[in-house]
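These are the structures, in structure tokens.
In what follows, chain A forms one complex with chain B and a second complex with chain C.
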Partner chain A sequence: MSEQAAERLEAELRRQTDAARAAQSRYLSELAATAAANRPDPGLETFRSQPEQEPAMAVLTDTALPAEQRVEVLRRLGASLSRRAEYIEALLAIVRDRGDDAAVRSVALQTLGGAAFQVVRFRPHQQAYDDVLHDLVDDPVPELRETAVGVLAQQHDPVVQATLLGALRGDGPLPVERERAILLLAEDDHLDNLPWLQELYRNDSASVRAEAVRFMGSYPDAEPTLEGILRNKDEAPSVRQQSGAALRFLTPERFEAVAKEISTDPSDDPDVRTACLSALQHLGDTDRLYADADFVNRVREVRGDESAPQLAQVARDLLAQRPEP
Partner chain B sequence: MTAPNAPMSETDLGALIDRLRHAPGGADELAALLPESLPIYRNRSAAEMGRLRGYLLAAFADTGVPQAALPFVLESLATGHVAVEVAGAAVGLRGLAAPTADILAALLRAVDNLAGADATISFEQCQPVWPYRRPTTALTEVVRTVGHFGSRAAAIRPQLELLARQRERFPGPVLKEIQDVLDRLAGCVPEPPAPGHSCCAGPALREQPPGDTTMHAVLEDQDARATSFGEFFRGRPSIVAFFYTRCDNPYKCSLTISKLAALQNRLAERGMAGAVRLAAITYDPDFDLPNRLRRYGADRGVRFGEDARFFRVTTGFQEIRQRFDLGVNYGPSTVNRHRSEVYLLNDEGGIAAAFTRQQWDVAAVLAAVENLAQTSSTGMDGPSGRIVTVWKSNSVSSV
Partner chain C sequence: MQIAIAIANPDAAGRNYLTWAPVRATARVVDPVGADPVAVTVSNDDAQAGGQLEFAAERDEPRTGSLDLTLPADGTPVEFWVAGVVGRASSADGDAVLRVANPGEAVALTTKAVMVRVRKDANELGAAERDRFTTALAKLNDQGAGLFQNFRDMHRQPLALNQAHGAPGFLSWHRAYLLDLERELQRIDPSVTLPYWRFDRPAPRLFAADFLGRTGPFGDVIFSATNLLRQWNTDGAPGISRRPQFNVQNSGAFVSDDGTTLAMGGLPPDAIFDTGTDSGGFDEMEGDPHGFAHTSFAGWIRSTGTAPRDPLFFLLHCNVDRLWALWQWFNNRFDGTLPRAYFFRGSAGSAVATDIGHNLLDTMWPWNNVTGFPRPGNAPRTPFPAVPTATAPGPAPTVGDMIDYQGLLNAQSDMNFAYDDVPYGVAPSNPPG
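Up next, the complex of A and B:
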């Protein structure tokens, strides 16, 4: 970069920074004015400081103000405010309050989720945050419910796991869609998920079936199912490829045997054949692969297949790694 | 008392615990339910096991804590990573009149482990439903148990004072609990903790069962090489740990294998690297394929070689499970609970020492290895002190 260009860039960055500072300053002034003009809300009075000292807190906790104004506080200042304990507590109270505006609660929950990434700083609040998430599991606002269930399930939370399992068995309402409930439980491979994943695999959507197959890769008992799916020419190629990946994760040797057959079967889908051959080339036991003369001969037949150019290319690459003597 | 064998629902098991906590002799009957390998725990999920364990341990607050239960209580306190289990262990300890020093140490360890991992739990019933009627947290219960011991816990007052100052670590209510305990201790005349260890201080020793067929069990190592149990574990003493790569408790398998690596270094420093074999065997042989074994060990510092190998059992796992009386059980997909377990085997593959239940100490295992060396016909060669002789098998009683 020339010196002149660097100077131009520096000036532009300085201009943008100054503009952002000015906008922030204007916003804080407006916030102070709003806070001063409004009456305190008794519901969230606990968290209110003197309005002139904490306009952000005053506006955030004033349920009489338009939701957009309160949301704006979090959008503009959320990251810095959530470093302070009193704001975390205020946000927890807002999220918990089912009488408050759904949009404000939702953004407050997102802000808390961001704050929770600061693991050490958030540690004193983690348990209270989890409690609020537990409270949201049966919240009437679907977005809040789904976020809470998702966060808790990722943590392998036993309360939400029990709720989801019970609801899947018909005991109580499901807080999220049935498919999502199964996928969330599947995050914990110490649960009895295989029957639910097999149910999910019967779904009409190929992407849902692919997800089911992906999670089956944690269960050795799923090996025959995965092999069956990989071999099933009536199944969508994307699902078969995912099944191949899952089978390879569980039993690389079984995958190798099946992939050798599929990749050299002219009647099979070219995409699945290419994926299988590519996996064998890049991820398999190369020595064992080349020692299988019958397989190598079949790959030689594939390399000139003009009907499947990608497959032919992978075959040529594979054979080029070990040139014939 | 023998524990029930027939399958029971979680609700029924909870009802049994409730009945025993008020029954004459209930303490011993509850203690008989503690081993995780009991058939009644088969096919339960890990979450259910954690819940049941917490509820069971908490019942000892009503019955008193029998000696047989203490190793289990301390195990949950020191290595538990599920809040309800740790809380149950803490509550259960209130069935003791006075703590030993290692109980106090385990309570402090639990506080450390729970920072950031605490959760709201309840013992209002075995399967409480949210929102709880009587909520509490594991940290709260641990601190309350320290307070319960009053002047007998005065020895750990300095550590409590330190915790009370760590405002960035604990929620306000927990800090208040700690301060309440400190206030109470301030008026106490300090009494020493009860003397001695709270439980089996030394390694447990076990006779080799007659007609043992374990030697024929087929093992596959981290490089997919096959061997038999007898082939690897005969001829020299060995240290063998049990683990599985999907264990999500940071205080169990991951720590065990890291310590096995530390032990390997210590043996090498003492010139004993070739004299003792190291091994780890997975509880989860269907999932823990050679590549997973290798990666898990290497990531934790284990240096693999002819005398340091990780195995999965491809044939004869049940024999090995029986032979070591492994403290493990299985849910529908994988292990649902296990204890920490490391064994020192003599040169015939017999168990010379067992370090189970509580986290083992590298120095203690090293001492047991040296003890075994001294009681066998061992010679030392040269200034490095390398053990060069063939190790003789030890009868259990001579260790």
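Up next, the complex of A and C:
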């Protein structure tokens, strides 16, 4: 980089950092003023003399202030607030308080989630954080319920798994919509989720069916179902492609056989054919693939198919990478 | 007359991959036609297209677009230095062509094709670069049966997470982690680098079906027909669980912007990398933007134990590392022996020390193959993989080894990676020394 270009870059970064500092300084002054205005004692000067977090926490914890103002504190200063133990306790208290504003609680939960990434520093608060997540499972705010159940289910938390299973069987209210509950249980493939996933697959939404099919890929017993879906020309192409990926994970050989048929079947959907051919080209035993002369000949017929240009391109690539005999 | 060009650190196939860091090269006459020295000019073969190179006679001299050399007729090699031009990186292997010609002559005596290979903004990546990356990553994953499993296992259990989070070694450990992954991708396709996700900006081309997937109506991640990431599999489960909680089409994540991040630490009198106080060193970025970028989603990327199951994790962390690199350039923070570059300068157990794995001289798990409390019980990847294109880091890198990543203070520290918008060297007002 030329000296002039380096100088321009430095000047630009200087401008950005100066602007960030100025904005931060203005914001802290506003916070101090807001905190002082809402709490006459100890007064503005006292707040100004204290660390930036003090007026920030004063504003954040003042439930009389507009929610947007409190959310902004978390968005702008949440990370530095979550460096101090007492402030983490305050954030946990906000999330726990069902009488507080839902948006503030939600962003406070997000802030705690971000702080939890700092594993060593967050360790003293981990149990309290987990307890709050469990408290949220029956919270009246759907967004908070869904976040908490999602985080816990991904950790294979047995308590939340029992809650979801019980609710799916009619024992108690579902903390999240039924489809979501099944998918969250499916995060743990040690559970017998296949019947639930088969139920989910009967959903009208292709998006939901795609998710059901995706998780079926964790269950060897689902192989016939997945092959059937991959072959089903009446199914949405996106669901069929997902089914192909799941089938390939369970039995690569079976996928290869079916994918060879589909990818060279001119009556089938171009996207499904392309996805099958692309997987065959890049993954698995390509020596065996190229040794299948009948298949290679059929791919040759595909390479000039102007009605499916993407498929034709994949076919040309596949043939171009074929090793010399 | 034949001229031979050699550039240091070629790969096993003789190909060179350059960044912004200068690399030693030589030119020599192969078949002299007389006893007189031969004057030649080294330059770019095409100044308009492809990756661009610049040259210098000495490593630390200012570089130019062409360099005149006088080659002895007896074939003695003449040394020069070559590097990529910031802003003109390659988009394909071998698209940066070094040309040697007699001064003023249009006909080249010889050419050598190389690649200026740097990490780029994922949202700006060309289609071919994008496809090479997704294909290499999918192959590394190999539906859960590939080497990617090691990277997933390195970022899972509490003792493993302790090695890398909530303490000052966060940045060094993740720099090594990304580089290790990137080198594995380059074994599959040497033209690939890790792209970064600028999480403070909209990145609609990243969250698209032909890249890391777009989100469907029910939160399913949808891939295009040719995107092999459809075959992604971790922990025995196909696919990816990820639902953005911000509008990926027109918004960044819930994070501070680059300017705010770069303003952390850095400038005197608060130029301490990590004081362990509340005053705001650069390590605060582990919370915002890093942590907030993670928690801008529902799904695997939201929690430490599951985050690496989502390929987005690596692009997110690539931007974290880019921010560190940019901060280093802006503030001249490449010398780990100085407290402003790294505060805990000893090793675990020394006078001023923090948790093991987070002090400057501590080796990092798992590459050090040290197991047993307080280190994790096993080491999924050891040693750190050696590559012909760089000598650093060594097989068991320390926290400090990862700081001078472009070999600014020690040429041997160059790790052969760089960012498209972070130059070599330091900002002009912060000269080294």
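By definition in this document, the second predicted complex is superposed on the first by the 291 of 325 C-alpha atoms of A that agree within 3 Å, B and C clash if a C-alpha of one lies under 4 Å from a C-alpha of the other, contacts with A are read in each partner's own complex, and residues count from 1 in each chain.
In this text, contacts are C-beta pairs under 8 Å (C-beta built on N, C-alpha and C of every residue); 3 or more make two chains touch, one makes a residue touch a chain.
Keep in mind it's a predicted model, so treat the numbers as computed, not measured.
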Touched partner set for A:Pro124, first chain B, second chain C, both or neither: first
First, second, both or neither for A:Ala246, with chain B first and chain C second: second
Partner chain(s) touched by A:Arg75 [first = chain B, second = chain C, both, neither]: second
Touching partner for A:Ala37 - first (chain B), second (chain C), both, neither: neither
First (chain B), second (chain C), both or neither touched by A:Asp189: both
First (chain B), second (chain C), both or neither touched by A:Gln161: first
Touching partner for A:Ser218 - first (chain B), second (chain C), both, neither: both
Which of chain B and chain C A:His134 touches, first, second, both or neither: first
Dominant contact partner of chain A by residue count, chain C or chain B: C
Where chain A meets both chain C and chain B, residue numbers: 119-121, 123, 189, 218, 252
Contacting residues of chain A [partner chain C, same complex]: 1, 3, 5-7, 9-10, 13, 15-17, 19-21, 23-24, 51, 53, 75-76, 78-80, 82-84, 110-111, 113-123, 146-147, 150-151, 154-155, 179, 183, 186-187, 189, 205, 207-208, 210-211, 214-215, 217-218, 238, 241-242, 245-246, 248-249, 252, 270-272, 274-275, 278-279, 282-283, 310, 314
Complex interface listing, chain B residues touching chain A: 43, 45-47, 50-51, 82, 84, 115-116, 118-120, 127, 130-131, 137, 167-172, 246, 248, 286-287, 289, 291, 331-336
Residues of chain A defined as touching chain B within the complex: 119-121, 123-128, 130-131, 134-135, 137, 156-159, 161-163, 188-194, 218-221, 250-252
Touch list for chain C against partner chain A, complex: 20, 62, 85-87, 135, 138-139, 142-144, 158, 161-162, 164-167, 170, 216-220, 222-223, 225-226, 228, 230-231, 233, 235-239, 241, 254, 256-260, 262-263, 266-267, 278, 280, 284, 286-288, 290-292, 294-296, 298-300, 302-306, 326, 330, 355, 423-425, 427-429
